[in-house]
Amino acid sequence: MMKYSYFPGCSMDSTAVTYKKSFEYVADKIGLELFEIPDWNCCGSTAAHTKNEKMALALPARNIALSEEANPGLDIVTPCAACYSRLAYSTYAARNSEETRKEIEDIIEMNFKAEPEILNFLDLFSDPEVKEKCREKMVRSLKGLKVACYYGCLMSRPRKITGEENPENPMKMDAIIEMTGAETIEWDFKTECCGASHQVDAPKEARPLIEKIFRNAAANGADAIVTACPLCNMNLDMREEEINKLYSKKYNIPVFQFTELLAVAMGAGAEQSGIHKHFFPAFDRINEVIRANWEEEKKKAKEEAKKNPLADGPIVVGKAGK
Amino acid sequence: MGNLTKEQIQDRIREEAKKALATGEVSCVVGWTKTRFPDKTKPFFAYTDAECDLLVWNEYCINSTAKYALDDRYPEQKIGLITRGCDSRALNRMLKDNQLKRENLYIIGVVCDGKENPVCDGCQHKNPLTYDVLIGEPVEETINEKRFTEVEAFEKLSADEKYEYWAKQYDKCIHCYACRNACPACNCVECYADQYRVGWQGKAADREQNQVYGLTRVFHVGDRCIECGECERVCPMHLPIMRQTKKMLKDINDLFGNYECGLPDDSKPVLGEYKLEDPDEFM
Amino acid sequence: MARIGVFICHCGTNIASVVDVEKVAKAAMQMPDVVFATDYKYMCSEPGQAMIKEAIIEQKLDRIVIASCSPRMHELTFRKMLKGTTINPYMLEIANIREQCAWVHTDREKATAKAIGLVQMAVAKVAKNKPLSAGTIPITKKALVIGGGIAGIQAALDIADCGYDVTIVEKEPSIGGHMVMLDKTFPTMDCSACISTPKMVEANAHPNITLKTSCEVEKVSGYVGNFEVTIKEKAKYVNHDLCTGCGLCQTKCPTKVTSEFDQGMSKRSAIYIPFAQAVPSKPVIDANACLKLKDGKCGICEKVCPIGAINYQDEERFTTEQFGAIIVAIGYELVNWEEMYPEYGGGKYEDVITGLQFERLVNASGPTEGHILRPSNGKEPKDVVIIKCVGSRDPKKGKSYCSRACCMASAKHAHQILDKIPNSRVYVFYMDVRTPGKGYEEFYDNTRKDGAQYIRGRVSKIYKEGSKLIVKGEDSLLAKPVTVEADLVILATAMEPASGAYELAGKLGIAVDGDNWITEAHPKLRPVETQTNGIYLCGTCQGPKDIPDTVAQASAAAVKVAALFSHDEMETSPMVSSVDPDKCSGCGFCVDLCPYKAISLVEYAGRDNGRKVTKTVAKVNEGLCQGCGCCNAICRTGCIDLKGFTNEQILKEVDALCL
Amino acid sequence: MDKILNREEGRLLAERIAKEAGVNVRECYQCGKCSAGCPMADSFDLMPRQVIHCLQLGDMEEIFKSKSIWLCASCHTCSERCPHEIDVATLMEKCRIEAQAKGYCGQEDVKLFNDIFTETIRYFGKSQEVILEGAYNVASGHLVQDMENVPKMLKKGILRPEMNTVRDKDAIKKIMEKTEEGGAVK
Amino acid sequence: MSVKKDSSWEPVILAFCCNWCTYTGADTAGLNRMKYPENVRVIRVPCSSRVNPQFILRAFQKGADGVLVCGCHPGDCHYATGNYYTRRRFMLMQRLLEYNGIDPKRFQAKWISGSEAAKFRDTVIKVSAEIKALGPNTKFAEGYYAQNEGGNE
């Protein structure tokens, strides 16, 4: 059953345009049924739990309660690591203390049973059925692209919330990316913090965290970093150029959402995957890989039986392209 | 009930009893015979063919035959026993307690069709579980949902109500040990209660001695009780003895998992084993 | 009629200041069967004991009660005293009126009343005491040592030198254990192999020692002085009676697998002698690697063996032998740090190694012939980080205990690196430095003087950038996060009990603690004994320790064995259970219950219905019974009874309580 | 003047905070693994390890006035790696909330950003990144921060001028008001 | 039931203590001069598993107001497994007594190790106070019935 209650989160409607486009493309391809939670609100993010614990529990709880009402029996998926963490926290707190659950109900003035499981997109795409569907839809190979999967903090830690068995070296995204033919590298900053929550209010202190991530990715030979969170992605993508300037580096590592790579491998063009909308140029890199693979296929095909080349060639840049 | 009429069963019993005696290996067959009261039978030892024809089967065949096997723990010849479900569980009990040897027994199992005995209403095993020859087709086993309802109700009383109740009961007890003598789980060679010199308890039939006997008895048979109800049936003062033993059985079921005695498996009495993960209330 | 004497001790003022001892003595005189009662300053003193002995004669006492300190204190003293009198040593009961009365109460009146009550209980009990005498059992004067590391070797040599036979069972193909893998030993920097191999050779050559390598203990039954042990000898595929140890086979063997002895840092052949100084210096075939045994191909060793000692049909064998005592010396293993610490790379970096791997690396007979080289590229490291407490003192990821030897081992490694690699830098991340041992602190001092930089803090992460390992820690004395770019990282990994320790303890019927270390009988006073008589322990199977402590413990265990063997037979405690066969129903309930397997069902000529019959009844093996009384409480007839704590005695005590 | 360690008040407060976090700070043996793995520790004036030490001592003043509790990114690396399973991150958070209630602020910009963030939630129900960044830049005086990215965003259609808000605004307001009445969850 | 509330009344409490853990713990309590009520009397047994349930009935019969059975913590038994049997036995015993009208506070089992002197003291203080609050035990007590001519207790 590929039916889920869907909590997009605030970023999905604004900055995470590439995530949104590519996910919608993939969801459509594989026939995912998503029911957006009606009139959802912000999860409160870092700000709420920095200021007020009850607020941090109640804001996400309203969304869960709405979901229980509108989409009964469905688990909730959310693309954002922060939203995921906050929703999961509320669920955890309510499941572990009846008193807390009641208190939250009193605050939000709704029934709140904390029944649905909270899933992030990596959980969603690790579902065997979803994975199988994805695999069926692959038409291009991203072979030759060396990818560093970046998970960030909130999908890995704390363990009691995420259920991640190995928060030092998670493998869910790697397994998803491998379906596209891209190669995932072993590196050491999969779950190191990128400092997204402090990039605005404490830039001086937080910028080095980004640099370290790029440094380790580069040192381990990554062509690209892949994320599964709008905040991680924007933080790395938007600031790569600045980092290069600030630290006199020449990192040339585009930062994709994992859904973009899935979409591209399923045959999406730029407009459909949003791949050309990155701050740091990402389009060319992926196109090179696809072209190389395509030409090799073509050569092979010619050599073998002079059959027609594959239907899907390199991406044709739409009118919004460069 | 079953596929045979009472008369047919009776005929088959007599036939099997004669067959058993004819082999020469079996010295006698224990069953029931009629008395001068139409609604009573008595236990009966058939040594000859003629005596076999006196064996009866009707709804008044109530006494347990199994315990008679203990009369001769070291028989020179096999003892034949007419055995219902409850008797066979009693035999299993005594076999597990090493009081009998299976090879000394010739068991004629009869699928029971219920007796004029209130305890039969809750019977979960009408089919004999151990036998050499079986009379009647096995019937489907039932589960007694009300196994512990009486105990559960009694548990709800206040401490003083419970005590008062039992005190009154034990005031009646005349210390006759009929319950012990009828019980298949009471199979010691020499009962502790007869060992006056050690000083386990006094001889007097007063409330305190009766209480101590009553509770000690629960501990001695509680994890071996096959719920045949013989103790209560033979009690001349009509003490609700089963209400005590069933309490222990219920607690065992609650604390250590499903438990029923007298089945032909290799389970041990609960107090003779332990599990590391047993609940611990004594921290 | 019993004639009981009661003796109330003042214990100086310890008892007398709270309890009115004279009043207790007076009250005792009124108790049934008491014919004499008195008080005295110190009952345990010479004059006190003399007074008791005198009273026994004068008053014709046949049993006594002493009200004094805890029986755990002086019960033995007074029993010994009674040995020289007309009274059996077990016709004694002690009322504990010090620890459990005078010391815990302040109200003189109430305390005195309680003391009288306690005396009353003891009087009631002693009236039912019976004379007991200790039995004797013969002793098989042959010891089994399980484990052929330095602990086992030392213990075996000491026992053998006392003139007794010893068998060493070792699961590996050679004895030697961990010590022979080490390069140097702290703090003296002796060559470890040079001091341990002579012991190995001596053990092999000793006329009283039998070596059984590639063997494991399969089953143990019996009791002190008379253990029956089944030993499993694994298939070696080489007839060691024929083999001369020429080693031709291992040079010709085409299959190479990683060497256990070199901690995975070199290769060995499928038919192999584990290391150059191995004892016995004869090869075995590794069935998991050998082509012939796996696929039926190859067979080269058989062809080249000049003696025909190769036997591919070899099978495991079981032998059963009698032993009088067993020493457990199965040692330790290092924890699997790769699983515990993904943040240290979880094993994916070749240049992150354990201390034991470093020992092989720095050893002249090791894979690099003693040159410290980075496993990844064979180059000499300049910046080396040593991390302590990897798996130790880490209740979440590893073990909560301190592994004791690593502080010194790490200091040694730091010293060796600084000594062997000019211009090298060593950083030691530590939380505490523990050097309790002779010459240890001085050694640590010197290591620091050599230039080892100690940094107080636990390392949080190791990762790789380029060819360097980035080690992230906090310098907690600076209160600053610090980073070291290292070429080599050595982890001082925790010790844990050898695999199979738990199972072996089960076979032997001895206890292990929560971490599976074998538990000693008493942490202070019986450190090399186990709770089972006749089974001793030594070395790291009891807990992490270094070589000096291990060897000392081994000799201590050997003395215990020698002391046991110095008698032809031994006394057993008479306070054991026994069965009244006439009352016993033979239900066998007690048999399964007994933790020592001391009870069995036996045939007994009894009577039933006036007829002679052969009954089946329970019988207690007094050599095995430890006197716990578990069987007593479960026996419905009460026919099994613990001497010294009989049903009758305890019931009388209970009765006396409430008089 | 020397720090006086045996002050009851701070100790009781520290004990309460630790209890709320479900942590026994006495288990900490100051190994420093938390600080060593902390991504923000370079900017901390008090190492996470020292925060725990102050909690052990009951020296809350030191914690409340520190920057560290504000700069903590709640990445939970410390809690994950602690050998004694001390939830350092949650303690940091509890200390920060407590400090705020007591009127301390070791890092004005962080507080400001969080305040603006919660205000946007109060009024719109959803986070408004444009308003958030703009309001923060004006309020903090960092006028040009991140502004170089704005034209790019507009050009690529990443930022849209239209507003995204919750329909049931009262519900959100009520949640905010109700939660601001009380403090920590029991 | 009316219990004469005589303030000077002290309960009689019997404690069966295993030699290796609780008896040692009680000795240690003495060694450390800890204070607890006088009304507890210890009977030393080698192991808590030596305690026959009949001893407890006997104690109540002879007028004990409370009975304690103390042994090593499960897993720490000197004889390896004895206290696991103790645990089963006395969980059932406590329930059976309750079923017969005896307050479960009057019969308790506790695990107290040799080093837990303070736990021994605290247990005695607590149990003693609990039983004092319950008043004298008349149920099962020998002679009580005869004296009171079957009167209501």
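Labels for the chains are A, B, C, D and E, by order of writing; each one numbers its residues from 1.
By our rule, a contact is a pair of C-beta atoms (placed from the backbone, for glycine too) under 8 Å apart; a residue touches a chain by one contact, two chains touch by 3 or more.
Since we're looking at a predicted model, the values are computed, not measured.
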item	value
Other chains in touch with both subunit C and subunit D	A
Mutual neighbours - chains that touch subunit C and subunit E alike	B
Touching groups left behind when subunit C is ignored (all other chains fixed): A, D | B, E
item	value
Pair joined by the larger number of C-beta contacts - A-D, B-C	A-D
Subunit B-subunit C separation of Cα centroids, rounded to whole Å	50
Averaged-CA centre spacing for the pair subunit D and subunit B, given as whole angstrom	72
Rounded Å distance between subunit A and subunit B, as computed from the means of their C-alpha atoms	70
Interchain centroid distance [CA atoms averaged], subunit A/subunit C, Å	54
Of all residues in subunit B, the ones touching two or more other chains	192, 200, 271
Set of subunit E residues in contact with two or more other chains	53, 58, 81, 85, 89
Residues of subunit C touching at least two other chains	343, 461, 593, 634, 638, 647, 651, 655
Pairs of chains in contact (touch as defined earlier), listed by label	A-C, A-D, B-C, B-E, C-D, C-E
Complex contacts: residues of subunit C adjacent to subunit A	342-343, 345-346, 348, 461, 463-466
Complex interface listing, subunit D residues touching subunit C	29-38, 41-42, 46-47, 49-50, 77, 81-85
Footprint of subunit B on subunit E - complex, ascending	1, 53-54, 57-58, 61, 74-75, 81, 84-85, 87-103, 108-111, 139-146, 150, 153
Subunit A-touching residues of subunit D, taken from the complex the two chains share	39-40, 42-43, 71, 73-77, 79-80, 87, 89, 93, 96-97, 100, 107, 109-110, 112-115, 117-118, 121, 125-130, 133, 136, 140, 145-146, 148-149, 152-153, 156-160, 164, 166-168, 171-172, 174-176, 178-180, 182-186
Touch list for subunit E against partner subunit C, complex	10, 12, 14, 19, 23-24, 26-27, 29-31, 33-36, 38-39, 41-47, 49-53, 55, 58-59, 62-64, 78-82, 85, 89, 121
